[in-house]
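In the two assemblies presented below, chain A is common to both, partnered first by chain B and then by chain C.
And then the complex of A and B:
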């Protein structure tokens, strides 16, 4: 039996078992059973994905499964790459669920939530192996609906969850409509629903059709990926969903949007004109900058991570856009480099975002709050979680020796080699892209210093943070697995080179120019190389040497009171909060962020010169959302309110409506 | 000489010379202001004194506070060892521009986290300000040197310097001048000099770097100060070698290395004297005017990259 088939069968089969088990098991055991089965299912997915990236192809038609069209599965190296991501994240989430959902059998531990969870992971595993338009649309919609149900898990506890659910439902369905129209149009124009048929026929389509299809698919996939300006669901859904769902959505599901763009743009439509990719690159640049600026000023830990997802998707889209532009210009070297960076960054982002959302989940579980201004001091009660979150933050900030650094290094290298005699657009776009990546990285560093520094260090700023306790072993194990993934990707990314070569060949981009040196990356045709392992070992070894040498020279360390200006003990209210930490940056980007400030000064009744209290309220609205979506939402709401007048409650009136409708249908039928 | 030996020698040279460079930046303004000032070796004496003293940790601080000085020193030492300072030969492939910027940033981040870890308002204030400055400086640093890498086609700093040393015509281009201006401003900000930060300030509210390290004492403080001095030498050295790459040894011949070392010390001390003389006539900017300066340098860097990409 083909290993891919076996792996996929195991993945879906185990997920279905988990789903059924969630209904049948008593709440005491439910999370454990579902967690273990989901984790094993994810591991099977990783195995299937690895088999697929080694170049074994697999294709299967299952006509009886879906009515009318049947199920067509087709696994190539690109499918394998994304299957590995989905499978690995599923494994970690499975382990995490055991502890996270193993409480009183409510919320994330409820039967409904744990029944839907494996359905969601199985649907995600099937998206990259879908081999025809109906199959892709079916599993895509299954994934969307399952994730929506999971986002709504805690809808009884908080009104914000319901609002997030409505936003997510509306946007994911709008994206699905775009996708439906785009892919069906493509199928109708090529006369084939299978990807193989579309691939062979797409070359003969008129440019207007392929352009329209690409834009529709881009809208659908980019909205799923959370690219600005199609992002408003993302910070809501990621923040309000239970953390294991946030992990799956942010680390795996949004990547499938990236997969869709790659599959349709490079594989099915075979490249395309330059303007497609300039649009993608512009979308990426906007997402990266806007996402990270919103993340930098976010006070909610999960909202911060959600906007950081938008940022990373932006960097990925920027890379995809450049791949297209460079491939169009005939510079396969740099195009391959950009695509290598894109593929590595999808894996890297999946690894560190799984870890960070897991850490955020642990924090929420331990303290009951997501707000950084109320956290602090978690390093003492939760040392292991803090260490893992710091590892993830190092990667997310793209600092060496984290894994995010490797992919951003590759991305910058791609911009550096636009090629001799490149066209004007590319010559201008490449330096601008460097500036975008550089600024994004700079602000990302502030963001994650804020997240770690104000969230986990110094003194607790509230009672709930002071009462925090370390998470159970299963959650720590899950974070440990994710952290090990981050470390492996950081020090030996070169191991992925053979797989990358096959994925790139499948996308008609030649091979990857990244040579696999001994434990390092060397770029063919250029003089650039980086040795992540050496770098990591060097940093650790030199830091250790410096610390040990300095210690052996002098006397032992002593605890002392921090400088309190001689004014009694320092309280937590004197610490810098996340809001105050980000304030200078917010001032710098005041024009972009346009924060709304409200200062109420109450004076003493006896004298107007004495201030009794000052109330400061600040809100940083999402301007893009307010400009683009608020009018639409208001219009729909207004129409809905007006339409209420139609439903007066009178039976006679409703009968009249039915009669009118019947007459209209009959008249329409007769005229036609 | 083997590359390893050169790297160690280079790191040792920079580490030994860095406090003296700081001494120069203090002696020059003192002379210009008519004061006697301290000796040039005074920073070394301070370091030796502090290294012997007992370090203290604030009651609420964790491992982040303890580890930060070592991390900052280690990243600076790695950059000092691998960068193109006395010899522009690829030592370990570690002198990649992006790696260097990343390593320097890692040191800043470690110190900022330590500042937050103390739980004092000063620590948080310094960390917040330092990170905002770093967030705006790092892109500039990256862009400015990127402008130079476009013409070489590589981000390897040694190659950029070697290319400049062998073909002097490459150094005097519009892109190069723009990049030099951007890099100079970035260096001022990164090393905490006037007009961005005042290294001699005693007023907490105007501090950036000093507020962040307020809780450090004894050998911790010595390490932080030493690493800060090392970063000053590193950035001045990069500035000198990228835009005046003469005298840099392009082979591992001991004699050329000795010449390279001497020329390098001369260049860095000259730049340090120039920098501190400039500080005499300049006032520190208000903190919220600093971003304007940095935005200016960012755009200079962007123009430099555009110029080098278009005119290449």
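And then the complex of A and C:
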């Protein structure tokens, strides 16, 4: 039996077992059983994915499973790459669920939530191996509906969850409609529903058709990926969903949007004209900048992570766009480099975002709040969680020796080597892209310093933060696995080069120009090379040496409280809060972010010169959302309110509507 | 029975079928409406029997028998029971008066014939050419349901629609599979049962079966 088939069968089979087990198991054991089965199912997915990236290839037709079209599965190296991501995240989430959902059998531990969770993971595992348009649409919709149900897990407790659910449902359905129209149009134009048939026939389609199909598919996939301006669901859903669901959505589901763009753009439509990829790159640049700016000023830990997802997807889309543009300019070397960076960054982002959302989940579980201004001082009660979150934050800030550094470095190399024969557009776009990546990375450093510094270090700013306790062993194990993944990706990314070569070959981009040296990456045709392992070892060694030398050789240290102005011990009220930490940056981007500040000064009744209290309230609205979506939502609501007049409650009127509709249809038929 | 006579009889039955629908629109007395509906059920059965004879099909004959029992027997019996329980159910003030209703029915019949032209053109037999009759009855049934006040008139409208659909099915295809007809009939019997109970409850609660009384229930 083909190992891919075996792995996929095990993944879906175990997920179905977990789903059924969630219904039949008493609440005390439910999370444990479902968590273990889901984790094993994810591991089977990783195995299937690894088998697929080795280039075995597997194709199966299951005509009886879906009505009319049947189920077509087709696994190539690209499928395998994303299957590994989905499987690995599923494994970590499975382990995490054991502790996270193992409370009183409510909320994330409820029967419904745990029944849907494996369905969601199985649907995600099937998306990259879908081999035909109906199969892709079916599993895509299954994934969307399952994730929506999971987002709504805590809808009884908070109104914000319901609002997030409505936003997510509306946007995911709109995206699905765009995909439906785009892919069915493609299938109709090529006369084939299977990807193999479309691939061979797509070259003969008129440019207008392929362009329209690409834009529709881009809208559908980019909205799932959370690219700005199709992002408003993402900060809501990621923040309001239970954390294990946020992990799955942010680390795995949004990557499938990236997969869709790669599959349709490069594979099915075979590249296409340059303007497609300029659009993608522009979308990516906008997402990266807007996402990280919103993340930098976000006070809600999970909202911060969600906007950071938008940012990373932006970088990935920027890389995809440049791959297309560079390939069009004939520079296959730089194109391959950009795609290598994209693929590595999808894995890296999946790894560190799994870890960070797991950490956020632990924090919320321990303190009951997501607001950074109320956290602080968690390093003492939760040392292990803090260490893991710091690892993830290092990666997310793209600093060496984190794994985010490797892929962003590769991305920059691609932008810095646009080639000799580059035309005007590319000559202008490449330095701009470098600037975007540089600015994004810089702001990302501030963002994650803020997240770790105000969230975990210093003194607790509220009682709930002071009462925090460390998470159960299973959650720590899950975070440990994710952290180990981050470290492995940071020090030995070179192990992935054979797989990358096969994925790139499948996308008709030649091979990867990244040569594998011993524990390092060297770029063909350039002098650029990086040795992440030595970088990590070097940084650790230098830091350690400096610390040890300073201790042993420096003067004897004197302990004193800093910055207390002689006014006794520091209190939590004297600390930087997340808001005040981000304030200078927010001032720089004031025109872009347009924050709404509100300062209330209360004076003493005796003297107007004596201030009794100052209240500072600040809100940073999502301007893109307000400008783009608010008018649409308002119009729909107004039309809906007016349309209520149609439903007067009279049975006769309803019957008359039906009669009139029938007569109109018949008359139209007669006239035609 | 020769082929010619059979098709003549079929045409006659179809004509009467349409005429009974018009009669339902014309009369106001509930007992008369139920009689007309019984007659229409019998005519539908006749059409089904004639078609079964033409195709020499025992299954079609069984379907015809089932239709006869349901539409000329059980349904009218249920309606009479409603009428006995709610004796004042005379259609006093329809939303569209009788003469205008008849005119509208003429227009709807015309529309039915115009819309069914492709069906007629595709048909080879006499039965196929009579298809528009069924369509016209569907439209008239809809019109009746939309313009009458009493709950029982609504039931009769729905029954006309169903009769029309059944007639189209028989005339266009020359017979419906037994299973399909069984399913449809079961649905219909259930719908009539529900409407009957609803009418009784309406009468018991409000002392009238005027559906406009229900207007307050919306939203």
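Some notes on this structure:
Rule of thumb we're sticking to: the second predicted complex is superposed on the first by the 647 of 672 C-alpha atoms of A that agree within 3 Å, B and C clash if a C-alpha of one lies under 4 Å from a C-alpha of the other, contacts with A are read in each partner's own complex, and residues count from 1 in each chain.
Methods note: a residue touches a chain if its C-beta (ideal position, glycine included) is under 8 Å from a C-beta of that chain, and two chains touch if they have at least 3 such contacts.
Only a predicted model underlies this, so the values are computations on that prediction, with no experimental measurement involved.
By the document's definition of touching, neither partner reaches A:635: not chain B, not chain C.
When the two structures are aligned on the shared chain, A:626 is found in touch with neither chain B nor chain C.
Of the two partner chains placed around the shared chain by superposition, chain C is the only one that A:659 touches, whereas chain B remains out of contact. When the two complexes are overlaid on their common chain A, residue A:647 makes contact with chain C while staying clear of chain B.
Using the contact criterion defined above for the overlaid structures, shared-chain residue A:508 touches neither chain B nor chain C, since it reaches no partner.
Residue contacts after overlaying the shared chain place A:200 against neither chain B nor chain C.
Of the two partner chains, chain B is the only one touched by A:413; chain C is not. Look at A:580: by the touch rule set out above, it reaches chain B but stays clear of chain C.
In the superposition on chain A, A:667 makes contact with chain C only, not with chain B. Set against each other, chain B and chain C touch different numbers of residues in chain A, with B touching more.
No residue of chain A lies in contact with both chain B in one complex and chain C in the other.
Residues 377, 379-380, 397-400, 405, 408-409, 412-413, 416-418, 427-428, 430-432, 434-435, 438-439, 441-443, 445-446, 449-450, 452-454, 457-459, 520, 526-531, 534-535, 538-539, 542-547, 550-551, 553-564, 570, 572, 574-576, 580-585, 587-588 of chain A are the ones touching chain B in the complex.
The residues of chain A lying in touch with chain C in their complex are 644, 647-652, 655-656, 658-659, 662-663, 666-667, 669-670. Chain B makes touch with chain A in their complex at residues 51-64, 66-67, 69-71, 73-75, 77-78, 92-94, 96, 98-99, 102-103, 105-106, 109, 112-113, 115-125, 127-129, 131-132, 134-140, 142-143, 146, 149-150, 152-156, 159, 214-215, 218-219, 222-223, 287-288, 291, 295, 298, 301-302, 305-306, 309-310. For chain C in complex with chain A, the touching residues are 95, 108, 111-112, 114-115, 117, 139, 142-143, 145-147, 149, 154, 157, 211-212, 214-219.
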